[in-house]
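Down below are the structures I want you to see.
What follows is chain A paired twice: with chain B in the first complex and chain C in the second.
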Partner chain A sequence: MNSEPFAYAANALSGPLLLLLAAFACLLAPLFFRALRGTQGAIALSAVLIVLAFLRRAPLVEISCFNGALLLTPASAYLWAFAFAVLAAVILLSLARPPAEEDSGGEYYFLLFMATLGLAALIAAGDLFTAFIALELLSLPLYALAGIRRSKPGLEAAYKYFMLGAFGSALTVLGIALLNAVYPDLAFAALMQAGAPDTLALAGFVLVIAGFAFKTALVPFHMWVPDAYEGAPTQISAFMGAAVKAGGVIVLWRLFRIFEFGPVREIFWWLAAVTAVAANLMALAQTGLKRLLAYSSIAHAGYLTVAFFGGQRGFEAVLYYLPVYAMATIGAFAVVLALEKGEKGPAIEDLAGLARTRPWLAAAMAAFMFSLAGVPPLAGFFAKFFAFSAAVNSGYTGLVVVAVLMSAVSMYYYLKVTVAMYMKPPAAAQAYPAPGAVEAVVFLMAAGVMLTGVFARPLLALAAEASRWF
Partner chain B sequence: MELLTNPLSLLVLLPAAAGLLLLAVPRDNEAALKGFTLGATLLTLLVSLKLYAGFDAAGAGMQFRLDLPWLPAYGINYALGIDGISLLLIMLTALLMPAAVLASFSCIKEAQRAYYICLLLLEASMIGVFAALDLFLFYVFWEGMLIPMYFLIGVWGGPRRVYAALKFFIYTMAGSVLMLAAILWVAAAHHAQTGAWTFFMPALYAGAITPDTQFWLFAAFALAFAVKVPLFPFHTWLPDAHVEAPTAGSVLLAGVLLKMGVYGYLRLAVPLFPAAAAAFAPWLAGLGVFGVVYASLVAWSQKDIKKMVAYSSVAHLGLVVLGIMVFEPAAAAGAVLQMVNHGLSTGALFLLVGVLYERRHTRMMDDYGGLAKVMPGFSAVFMLVTLASIGLPGLNGFVGEALILFGSFRVYPWLAGAAVAGVVLSAVYMLGMYQQVVFGPLRHEENRLLPDLSAREWLYLLPLVLFMVLIGVWPAPFLKRLAPAVNNYIVLARPQPAAPALELKNEQ
Partner chain C sequence: MNAYPLAAISFLLFALAAAGFLTCGSLVRMLMFLELMLNAANIAMVALGPQPASQAYALMLFAVAAAEAGVGLALIIALASTFRTLEAENIKELKG
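== the complex of A and B ==
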C-alpha cells in the first residue's frame, strides 16, 4: 500500500476513534471521578473540536478498509466533516440548554457520540451488511435520546420512533437476506455489476429501500417523524433533521444508482413525487413549530430524491443541498430552543412580535424560513436550483414541475412563521435571558444560509469533487 | 474591481451596500437614517444619469457589458448589460426612488431602520432585474425582490396588510416557479445542443426548440410575467397589494414592479420562443385589451381613490401589453415609453393620494370635495397628473398611447378600437374622481384647515411633473434611444425558419 493513502486512512480513522474514546470518557469518567461530574459536555465539545481541527483533505483515491467494509473516499471525508460539524453544533446547543436532568450521567453525550459513529460508518459503508449494522448503531442511541427526558411526550416520541424504526430495520434485514440468497457478495460495487435483478432480488431491493426510506422519512414511511421531532429534546430533533437524514440519503443514492431504469426507478419517482406533495400539504395545517419543521424536513427529503434523477450532477447537488439544508434546520431548531418553555416547543403563534422583542433572532429565523422555502438570494434557493437543474437535464421535467409547484405551496407555511414574527403584536412583555451559545449557533447558521448561496463556489467545488467518488 | 467601476454594476450594488450599511446606523437616530437613505438613492440617481450620458443612442447591441464568472460549473455569470429599453426603466427606478423615500419621511413611524433597509434592497433588486443578462441572475433578482416588498406591505401596510402581503408573495411565487422549471429546460436544451452550459440570454435566443416544446415553455414564462403585469385574470392580487401597501410601496409597485412583467415579455418570453409567441400574441393582446375595458369599468365604480388608481394601473398595463404583442416598431416603442409614463403618472398619483391620506386618514372620495380652495397647489399638481394619466395631448401619456394605438391598428384593428374605448373610459373615471375630490363645495368642515403641499412634497412631486411635461412635448430623445432596442425586439420576435428539431432525452 502506498504510504500517502495509508497515512490518510490512519488520520481519518483516528477521528471516529477519538470520538469513541470521548464517548466512553463521558460515560465512565464522572462515575469514578466525582470532580468530573457535570463536565461531560465540555469533554464532548473539546473532543469534537479536536476532530474537526485535524480534518484533512482526502487524497483522490478510494481506500478500502476492513476488507471493503468501509470505503474512505473524498466523498466520505466530505460527509464525515459534515456529520462532525453537525455534532459540534448539537453539542453546543446541549451545553447551553441541557436536555436531560442535571443528575443524569454522561449517557446523553455517550449516546450522541454513538449515533454519530453509526452515521459515519453508514456514510462510508462499502456493503449492505455494514450499512445495516451502521444503521442500527445510528438508530438505537437515537431511540433512547428521543426519550431521554423521561417525560410523557418524550417517551411517546421514543416509543413511536422505536416501534416504526424497528419495523423499518426488520424490512431491511429481510431485504438483505433475500438479496444474499441471490448475490453472494453484497458490496455496493458488486451489486452494480450484478446485472438486472430477478424477482427475488427485486423484492429484496424494494425491502431494503423501504427500510432506508424510513430513516430518510419519505412518504409513506414518514409517520414517526412529526411525533418524534416534537417529543424529542429540540437538540435531538435538530440532529435527526440535519444528520440522520443525510445517512439515509447516502444509502438510498447508492441503491438508486444500481438501477438505470426499471421498476426501482419508478418506485423512486413515486416516492419523490408523493413525498413532495403529501409533506407540503400536511405541513399547511400545522400549528406547532417543531411539527412544522418536521414536515418541512420530510418535504426536503422529497426534493433530495428528485435530485437523484440528475445522475452524477444530481448527486453533486445533493451533497451541496445537505449542508445548506442542515444549516437552516439546525438554525431553526436553535431558535425553537431559545424560545421554548414547555416540552413540545413553541407554537407558531408564540413567535408573535418576535421582531419587536428580539429583532436579530427574528431576522435569523426569517432567513432560515426563506432559505428552506427556496427564495433567492438565500442558499436554499441555490440548492434547489442545482438539484432541479440536474433532474431537468436528465429529462425528468415532470417530476421537477411537481416539486417546484409544491415548493410554491410550501411558501405558505414558511411565510406563516414570518407573519407571526413581523406582523403580529407581541403577546406580553417578557424577560429574555442574555444571548449565549444558542444565539451564537443561530447567528452562525444564519450567516451560513446567507453566504453559501451567493458565494456557493467553494462549497459547490468540494461537493463536485466528492460526488465523483460514489 | 470591475464590479464597482462598471456604472451598471455599481447601480446594482450601491443600494444593496447602502442597505447593509444602514445596519451600522443606530436604530433610533431618525435623522441619520433618513438622510443616509435619501443620500444613497440620490447617489444612485446620479450614477444612473452617468449611465444615460454614456449611453450610445445609436448602438444596437447591449451596452455597459460586464461579464464575471459566478458559478462556472453551471455556466452562470454575473452578466449585466442594457439597451434602450432597460436604460429607460432603470432611469425610472432611480428617479422614483428618492421620491418614495421622501414621501416615507412623515408616514413611517415604526421600525424605520428596517423600513429603509427594505426600500434600498428593493431598489437594488429592481435595477438588477433590468440590468441582468444572465437568466439565473435575472431570476435571483426577480424572486429576491419579493422579500423586501413582502415586508414593506406586511409590516408597514394598512389594516388588511397581512392578507395582502401573503397574497402578493404567493401569487408571484406560484407564477414564477414554473418559469424556473422552464429556465432549467432551456439551459438543458442548449447544453444538449452545444455541449456547453450557459444562462446568457443572447446565447439562448438562437436556440432551436421545436414549436410544440416552445408552446409549453412560453406558457410557463408568460404565466410568470402575466401575474406580474398583471394581465386579466391574474390581476386579483394587485388591488389588495396596492391598497394595503404604504405610499412608497404602492409607488414602487405601480411604478416599477409591474413593468418587470412587460419587460420579461420583451427581454425573455418573446425572443426565447418566437414561434410560440406568434401563436400566443393575439390571445395575450386580447387579454390586455379586455383588461383595459374591464379594469376601467371596475375603476369607475370605486369609491376609494387608491383602489381606483390601482385598477387604472391594470388598464394602462393592458394597453402596454397590446403594444408589445403586435410586433410593430411604433407600437413597441410606444409601449416602452408608456411604461415610463405610467410609472411617472401613477407613481405621482399614489404620492398624491398619500399626501391626502396623511392629512385626513381616509381615501374615500366622499370625504373630500372642494379641495381647490384650501389646497390650490395640490389641486394644480393633481390636475396635471390626472390629465397626464388619461393621455391629454401635450403630456406624456398621449405620446405613448397614440403610438401604441397607431401601431396596433394595422395588426388588430378591432382590438385597437376596443382599447380606444378603454382610454375614453379612463378619462371618464379619472375626471369624475378629480371633480369629486377637488371641485364642488367644501362638504366637510374638517377639510377647511388642510395645509397645502409642503416644501418636501413639492420637492418630490416637481421632478415627476417636469418629466411628464418634458416627455409630452419632446419625446424624441427617449424614442431615439429606444429605437435600436425595439427593432432588435421585432427582429427577434420573428419566428425563425424551421430549425433542426431538438428534444431533450433521457441521458441513459
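== the complex of A and C ==
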C-alpha cells in the first residue's frame, strides 16, 4: 500500500489534535502557572496559526479513519482550512476586544476550540451518527459561549439558542432511530445505495433534516437566530454566522444528495424558497445592525440551499460561496465590534456619517454589504451567480427566479446601511480608539472579498476539486 | 420480545414531551421535557435498531443527554440569578 495517504492522514489529524491540546492548555495552564494568567488568547492564537501554517494539500484519495467515522478527502481538507481560518479570525477579534471579564479563566478559548473541533468532525463525518455527535460538540460549547458574559441579553440569547437547538437535537435523535430501524448501516455512502425510502425511513429523513435545518437556520426553524446573534458577544455571532452555518450546510448537502427526486427534494425546494422569501422580508424591518446581519445569514442559508439543486456544479458553487459569505459576515461583525458600545451592538442609524469620521472602515463595510447583496465585481456576486446558474442548468428555474427576486429585495436593506454611512451627517464628534487588531481583521476580510471576486479562479479551482470528493 | 410495543411507547412519550416543551412556560420544565424527548428517542433507538450498533449509539446518546442537561442547568442557574425569574415570558431583553 502506498504510504502517502497514511502520512497525509497523520499530518491532517495532528491539526485538530493540536487544537485539542491547546484547548486544554488554555483551560488549565493559567490555573497551575500564575505567570501564564492572561496569556490564554496568545496560546490560542499561536496554536491555530501553527495549524494553519502546516496545512498540506490533500492527496486525491479518500482516507477512511476510525472505521469510516471520519473520511479525509480533498473536500474535508478544504473545509478544515476554512474552519481553522474562521477560528483564527474570531480569536483575533477576541484578543482585541475580550468578550468575557478579564479575570475569567481560559474557558472562553477552550469552548471556542471545542466548537471548532466539532465543526471539523462534522465536515469529515462519514456516517450520520458521527455527524450528529459532531454537531452536538459544535453546538454545546456555543450555547455556553453565547451567554459567557452572564449579562441579561447574553443569557437570554443563550437560553433561546439552547432550548431550540436542543429541541432540534432531540428531533435528530428520533430521526436517526427511525433510520437505523430501516438501514442498519448509517454511513452516508451506504445510504446513497439504499434506494427509495419507505414511510418509516421517510419520516426519519424528515426529522433529521428538520434537526439540521435548526442549526443551519432555515425558515421555519430560524426563530432563535436573530435573538442569539443580537445577544451573543459579537465575536461569537461572527463564529455562528460563518462556521455553524457551514457545518449545517455540509450535512444538509449530504442528506440532499441521497435523493435524486421524490418528496425529500420537494421538502428542500420549499425550505429554500420559504427561507429566501421570509428572511429577506423580515430583514427589511430591522433597525439593529446585528439583527440585520442575522436575517441576512438566514437568507444566505436559503441561497445555499438553492445551490444544492445544481447537483455537483451546485455544490462546487456552495464550496466557493461558504468562504466568500464567511469573509463578508466576519468582516461586517468586526465592523460592528469596532463600533459597538452596548452589548446589543449599534443600530443602523449609529453608522450615520461613518464615511466622514472613519472613511476606511465605512468603505470596508460598504464592500461587505455589496458583497452580501451580490454586486459585481465583489466575490458575493460571483458566488450567487455560480450558485444560481448551476440550479438553472438543472432546470429549477422557478426556484432561482424566487431567489433572484428576493436577492434584489435584499439590496434595500444592505443599501440602507451604506446610505446611513455615506449620506447622513455624523451625529456628534466622537473620539475613536486607535486602530488595532479589529481593524486589521476588517481590512483582511475586505481584501479577501475583493480579491476572491476579481481573481475568483484560484479559489474556484480549489472548490471545484474539493466538490468532487463529497 | 416484540420491539414494536416498546417503540410505540417511545413515540408516545416523545410526542407528549414535545407537546409539553412547546406549551409550558417555565424554563426548568422545558429542560425536563427536553430530557424526556431525548430519552424517548433513545428508547426508540434501542427498540428499533439493529442490536449491537444501536445499543452502542444509545450509550453515546446518554452522554449527549447528560451534556445537554449540564449546559442547560448551568444556563438556568445563571438566568435565575440575573433575571430573578424562570418564566420564559418574563425574560424579554431582546426584540422579537
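Simple rule for what comes next: the second predicted complex is superposed on the first by the 469 of 470 C-alpha atoms of A that agree within 3 Å, B and C clash if a C-alpha of one lies under 4 Å from a C-alpha of the other, contacts with A are read in each partner's own complex, and residues count from 1 in each chain.
Basically, a contact is a pair of C-beta atoms (placed from the backbone, for glycine too) under 8 Å apart; a residue touches a chain by one contact, two chains touch by 3 or more.
Because the structure is predicted, anything quoted here is derived from the model rather than measured.
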Partner chain in contact with A:Ser64 - chain B first, chain C second, else both or neither: neither
Chain B versus chain C as contact partner of A:Ser407, first or second or both or neither: first
First, second, both or neither for A:Phe261, with chain B first and chain C second: first
Which of chain B and chain C A:Asn11 touches, first, second, both or neither: neither
Touching partner for A:Glu230 - first (chain B), second (chain C), both, neither: second
Touched partner set for A:Ala158, first chain B, second chain C, both or neither: second
Touched partner set for A:Thr397, first chain B, second chain C, both or neither: first
Overlapping contact positions on chain A, where the chain C interface meets the chain B interface: none
Contact footprint of chain B on chain A as seen in their complex: 260-261, 311, 355, 359, 370, 375-377, 381, 385-386, 388-389, 392-395, 397, 400-401, 404-405, 407-408, 411-412, 415, 418-419, 422-423, 456-457, 460-461, 464
Of all residues in chain A, those that touch chain C in their complex: 129, 133, 136, 140, 143-144, 147, 150-153, 155-159, 162-163, 166-167, 169-170, 173-174, 176-178, 180-181, 184, 226-227, 230-231, 288, 291, 344
In the complex, chain B residues that touch chain A: 70-74, 111, 114, 136, 139-141, 143-144, 146-147, 150-151, 154-155, 161-162, 165-166, 169-170, 173-174, 177-178, 180-181, 184-185, 187-188, 191, 504-508
Complex contacts: residues of chain C adjacent to chain A: 7, 14, 18, 21, 27, 30, 34, 37-38, 40-42, 44-45, 48-50, 53-54, 57, 60-61, 64, 67-68, 71-72, 74-76, 78-79, 82-83, 91-96
